[in-house]
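By written order: A, B, C and D. Residues from 1 in each chain.
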Amino acid sequence: MSNLQGIINLGEREDYIRELTMNRPLATVPFAGRYRLIDFTLSNMVNSGIDSISLIVKNKFHSLNDHIGPGKDWDLDRKTGGLRILYPDMQPDSNLISIGDIPVVRSNLSHFASIKKDHILLTRSNYIGNIDFVPALDAHIKEGNDITILTRHIQQGRVRVDLLGMDIVQKRNGSYSIGRNLGNQNNFDLSIEMYIMKKSVFLRIVHETIEEGVEAFLKKAIIARLSDYKVNTYTISVDILPIHSIQQYYNASLTILDPEYAQYLFYNNGKIYTKAKDAPSTLYSSGSDVNHSLIANGCVIEGTVENSIIFRDVHIGRGAVVRNSIVFQDTQISSRANLNYCIVDKFVHIGSGKVLMGDGGLPYVISKGASIR
Amino acid sequence: MSNLQGIINLGEREDYIRELTMNRPLATVPFAGRYRLIDFTLSNMVNSGIDSISLIVKNKFHSLNDHIGPGKDWDLDRKTGGLRILYPDMQPDSNLISIGDIPVVRSNLSHFASIKKDHILLTRSNYIGNIDFVPALDAHIKEGNDITILTRHIQQGRVRVDLLGMDIVQKRNGSYSIGRNLGNQNNFDLSIEMYIMKKSVFLRIVHETIEEGVEAFLKKAIIARLSDYKVNTYTISVDILPIHSIQQYYNASLTILDPEYAQYLFYNNGKIYTKAKDAPSTLYSSGSDVNHSLIANGCVIEGTVENSIIFRDVHIGRGAVVRNSIVFQDTQISSRANLNYCIVDKFVHIGSGKVLMGDGGLPYVISKGASIR
Amino acid sequence: MIYSKVVAMILAGGQGSRLKNLTKKTAKPAVHFGGKYRIIDFTLSNCANSGIYSVGILTQYQPLALNTHIGTGVPWDLDRRSGGVEILPPYMSTEGGRWYAGTANAIYENIDFIDLHDPEYVLILSGDHIYKMDYRKMISFHHETKADVTVSVIEVPWEEASRFGILNTKDDNVIYEFDEKPAEPKNNLASMGIYVFNWKLLRRYLREDHKNKDSSHDFGADIIPTILSDGHRMMAYRFSGYWKDVGTVESYWEAHMDLLDPNNELRLYDEEWKIYTKNLDVPPHYISYDGNVENSLLNEGCEVYGLVKNSILSTSSVVEEGAVVEDSILLPYATVGKGAVLKKSIVLSRHKVAEGEVLGSEDEITLVGAYDMGIL
Amino acid sequence: MIYSKVVAMILAGGQGSRLKNLTKKTAKPAVHFGGKYRIIDFTLSNCANSGIYSVGILTQYQPLALNTHIGTGVPWDLDRRSGGVEILPPYMSTEGGRWYAGTANAIYENIDFIDLHDPEYVLILSGDHIYKMDYRKMISFHHETKADVTVSVIEVPWEEASRFGILNTKDDNVIYEFDEKPAEPKNNLASMGIYVFNWKLLRRYLREDHKNKDSSHDFGADIIPTILSDGHRMMAYRFSGYWKDVGTVESYWEAHMDLLDPNNELRLYDEEWKIYTKNLDVPPHYISYDGNVENSLLNEGCEVYGLVKNSILSTSSVVEEGAVVEDSILLPYATVGKGAVLKKSIVLSRHKVAEGEVLGSEDEITLVGAYDMGIL
């Protein structure tokens, strides 16, 4: 019975990771051997006691519906509260879908007005971590904030190429602003695009935005109005992995091969829930050789795997070698195939003896259903 | 484990009952004191052993999502099968919603292709009955039909004004056709817009329609191709109430005041399931006077009710008179108000002493949330 | 977040034999109540509305109707991945099988279950009272007063106090004495049989009580007095509002008649504190041309062709033409045949009163029907 | 539609004491199996995959792990509004409490439950066998051969036949005789303890058997011979495929070793007949730089820093640096400390093998750990 309503906004622009999001929203991009990106945000919310969550969606509903179903895996199949997916409205007399997520918000205004909690937590689905939102809410209430921006403090940020272009929070003349990281600062507060707001403030911003009709995106609407409200930041102390590009996706994936990091990510403030797939345990044959890798259930491993992540129901044939790669579910790596620095999507067939070499700086993405024989 | 996949198509034109469908699809129009129209089709399917149902929707999702939720009330919150809602796809690069239900079908082709059953039952939501589909499927299989059209046989149809304009099935030169009832025939077979088809035939028709690009509606696509397939009719022997107009809606509502008809409609082949509302029993005060009426739970009845249907959580004040009317949930009829031949939508307030008189041929519809003081 | 540290244990194993044929084939908490509910719905709904989602129900006597009623817990939103509602019957271990020997023993035998949830507090509830209560307030009170045990109490009329377990308190609601049915009560605060315990403390006392061969293993008779005499801090939490133990046929009937008062304290129509129950999927009720209903409560599925006065008609009960039902309760699917006349009677579920039969009198409550399986 | 007329009753009340510490604190059907499952998952998944959605589970001995595992039945899609899975422990009636006195008695005490579903057939199953079976085929066979009772049988090697209950049949699979552990078997068709009964017939025989004071109230020993001697039509349904009673520590270990054969008959990887179990929400397993795994089965959540050979590692078990695990089974959350060496051992759940400890031998199977609560 948390006093916080979760709102996960999937209506933001997502085209910077296009290879993996052709047929799925960023939210359902597979991650960490058996999860989808959204599992982390959803589970963090559930583990923080949030029992009512709204999901703003704009398109590509099918993959999301498939993954979430009635919401049982997150215990969100509830009579009251639980998970509510907010679709854009399509009136028969209006055949235009407007740009941005604001139109979706507009067509669900009655839902937002009916929220019973006093505060909302607005997030996206592409910041991976194991976060307890309770202390942030406590601070938000204690400080009497209208808006609390959740941040990560970054030191020696000038060398972090991967954080270029991301949102940073700055305080000038007593008021906060959010802008782009252009790499000029060494120490800064990264916005993780999570905001705790009074419900009344959220509703007011939404109403103003719709009435004024200037902004198309919720995030911009909030940023534009920061100076109107009592704003503060709350620094999240645990590690967060942003997923904004293929490069970030690849690096984040390999980060979880560190057992200590995995211990944090999968257990810190509660488990990460995902759709049950009911695959049996993974069978290793006598000739297999696996090192420093995360392997999901349902696989048969006959070859060599190194510094890689293997999703469910993958078959790695005798003599095959998979290094520094990520292989999604239901893929077949035939005998003597050799992969290095690859991201292999679902239902791919790699024929015997095939050699595919990407680069650590630009992993080779093999798209869903491809057959390389 | 029926071998029949249910497909309920809510993408058909529904503008002929506009007063009640401004903010809701026809499928969620309230009916019979505690139900929505779609409850009957859904329950008939479930009671016929159908465990996998696809719902084609085009717009006005919110009311439907609200009503169905995770599907628990119909036991359709399943890991495999269960209820699957098919939304139109909105690619960011295409901002036009086309006319008709075929675009929704197109954007869900992979779902239809993945159906595991051999036959499909295609229906709409606005034919009310308590139908066992098992004998129809048995006949369909036994006769080896590609398409079986479910019909009601009508005698003395020339006097039935309410059936004008509806679909009738005719056989000429050995092949079936479906056309409009213009009132010229006395005996005819009414199509109840329910078809059992081989899945393969359904998929072929859908593919052809999309490739040819002529038809916008599934129904027309099927009718146009009847001569290509082995078609037969199956006559449903139980009563069916079509809801195509306010007049039909009003008449069908009053029909269920007949206890014999109610016994058939609510129990014949299994119960009718709907969303649980958890209202307590209805309290009748000493001065109340109720005759020939159906009253849902959660009401307080202090006045007179006659030949009417009262939905949940309605208050009928002292001295108020409600005759020949249908009152939707959460409405207040204040003391000494007098209503005759009215359909009162949800959350309406009728002030003390107000008099509202419609006509049996054209009931007076008072729209949702209206306040008449 | 303190409510997630609470496990509620509902005692629902008793027969309630003073309810006679109502409980011959079903446990008391599963007895129908108020046209629509079963008695346990009140306690279960209180848990759900209080945000307590880990609930154990201790059963022993004829549990089939109760099990079927509760199912997976959907009506109370208690069908949860972790926690939710769990039925806890007696079981066998390597030392053999043991029936629950008392209320405290029933909890003792389920220490492992409670430990699974690792709670801070355990809320002990009874499954056979009619009331609405926000347990959050009681737990907050327990937390804020730094109590070891909190007992919920209700003021009863002084002249009735000697029928109850009375808690004698100091000015600050600290309990210093427990008087079971005192001849000369010093106080009129009766225990409602609702307790909040710090789990670590209770676990210790349950283990000690289990070893004590002289104990009857009852909360009121053994655990509470022992904890009190050991000097632990025990607080009285004052509850006010409707509360009724429907333990006898008379009190069961009276509690029904209470519902006919539109201003009754139970306030079933309150949207903010709904009482949930299993949905039986029956249509609205129907009153015919000749049917007549006065000052009565009717549930879904009923059909009235006769006269109903000052009565409660439960789900799908039927009053046929010319029949008269007065000051009575019809349980689900009961039928009163043509021309039959009932006065101050309770007709058990699925029973059919024959045409023309005349039953009941002003003087006492008449139970009609052999016994109630209670399964719908 | 004949499968909707079937109720399956799974006998899950036994301790299985020959499994020693594995079943000291939990019933045999709840014992972990195959890295990921519990034994009862096979029977439950068979029901779900066969489209049988009304399932009663008869429990008696230490049911907490079983109850927690089954929950509302979500993993098997058996969380249903009507039907679904229901746990049926012993209970008290007005005549007092009775523990289940035998397999037939357990069903007798739940006649009311079965009657609720009004089935044509009742399928009696055992909760402690490892196999995959489409019960639809057996029920169709029963239906088509117009049998009163059908018993599922499996061919066993002739030399082992005297260890089983053997069914002697005529050419057309009609059973004419039941031989319990015959010294000189006439046949090698062993009963698998799986029966289809016409419910009306079984109900009658259960009632008669209950009155018979000489009966042990067992299906194999009493009900089947009586029905047979009364001349009812009893058919043998021949099953072929993997089937194993994991009743002893040896057979339990052997069944695990069977899983290491990629072509084993159980075919766990078959997508068309999945075995479902409770999802424990742990990440994929991790093998470190120095970890080494040969011919082994690893489940989610495991971490391997040492050497694993011909072994099964259940959920979240850990093999630390330098440890060697050979021909062994680690149950969930078991840990093998640094440098420890295990040979042909079964480590109970949550047990930690100390650093450097050397356990087990070629000659016999070693059980490591005090007892298994089995709750995860």
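Basically, a contact is a pair of C-beta atoms (placed from the backbone, for glycine too) under 8 Å apart; a residue touches a chain by one contact, two chains touch by 3 or more.
Here the structure is a predicted model, which is why all the values come from computation and not from measurement.
By number of C-beta pairs in contact, B-C leads when B-D and B-C are compared.
Greatest Cα centroid separation from subunit A: this falls to C. If you average the Cα atoms of subunit B and of subunit D, the two centres end up 46 Å apart. With each centre defined as the average position of its C-alpha atoms, the distance from subunit A to subunit B rounds to 40 Å.
Multi-chain contact residues, meaning those touching two or more other chains, occur in subunit D at positions 74, 79, 81. Counting partner chains per residue, subunit B shows two or more touched chains at residues 72-73, 77, 79, 276.
The touching residues of subunit D, when paired with subunit B in their complex, are 1, 3-4, 51, 74, 77, 79-82. Residue ranges of subunit A in contact with subunit D, taken from their complex: 32-34, 72-73, 257, 259, 262, 265-266, 271-274, 276, 278, 280-286, 288-298, 300, 309-310. Of all residues in subunit B, only 15, 58-62, 65, 69-72, 77, 79, 82, 84-85, 87-92, 95-98, 107-108, 110-111, 276 touch subunit A in the complex they form. Partner subunit C is touched in their complex by these residues of subunit D: 13, 15, 24-25, 59-64, 67-68, 71-74, 79, 81, 84, 86-87, 89-94, 97, 99, 112-113, 116, 373, 375.
Contacts from subunit B toward subunit D in the complex involve residues 1-2, 49, 72-73, 75, 77-80, 134.
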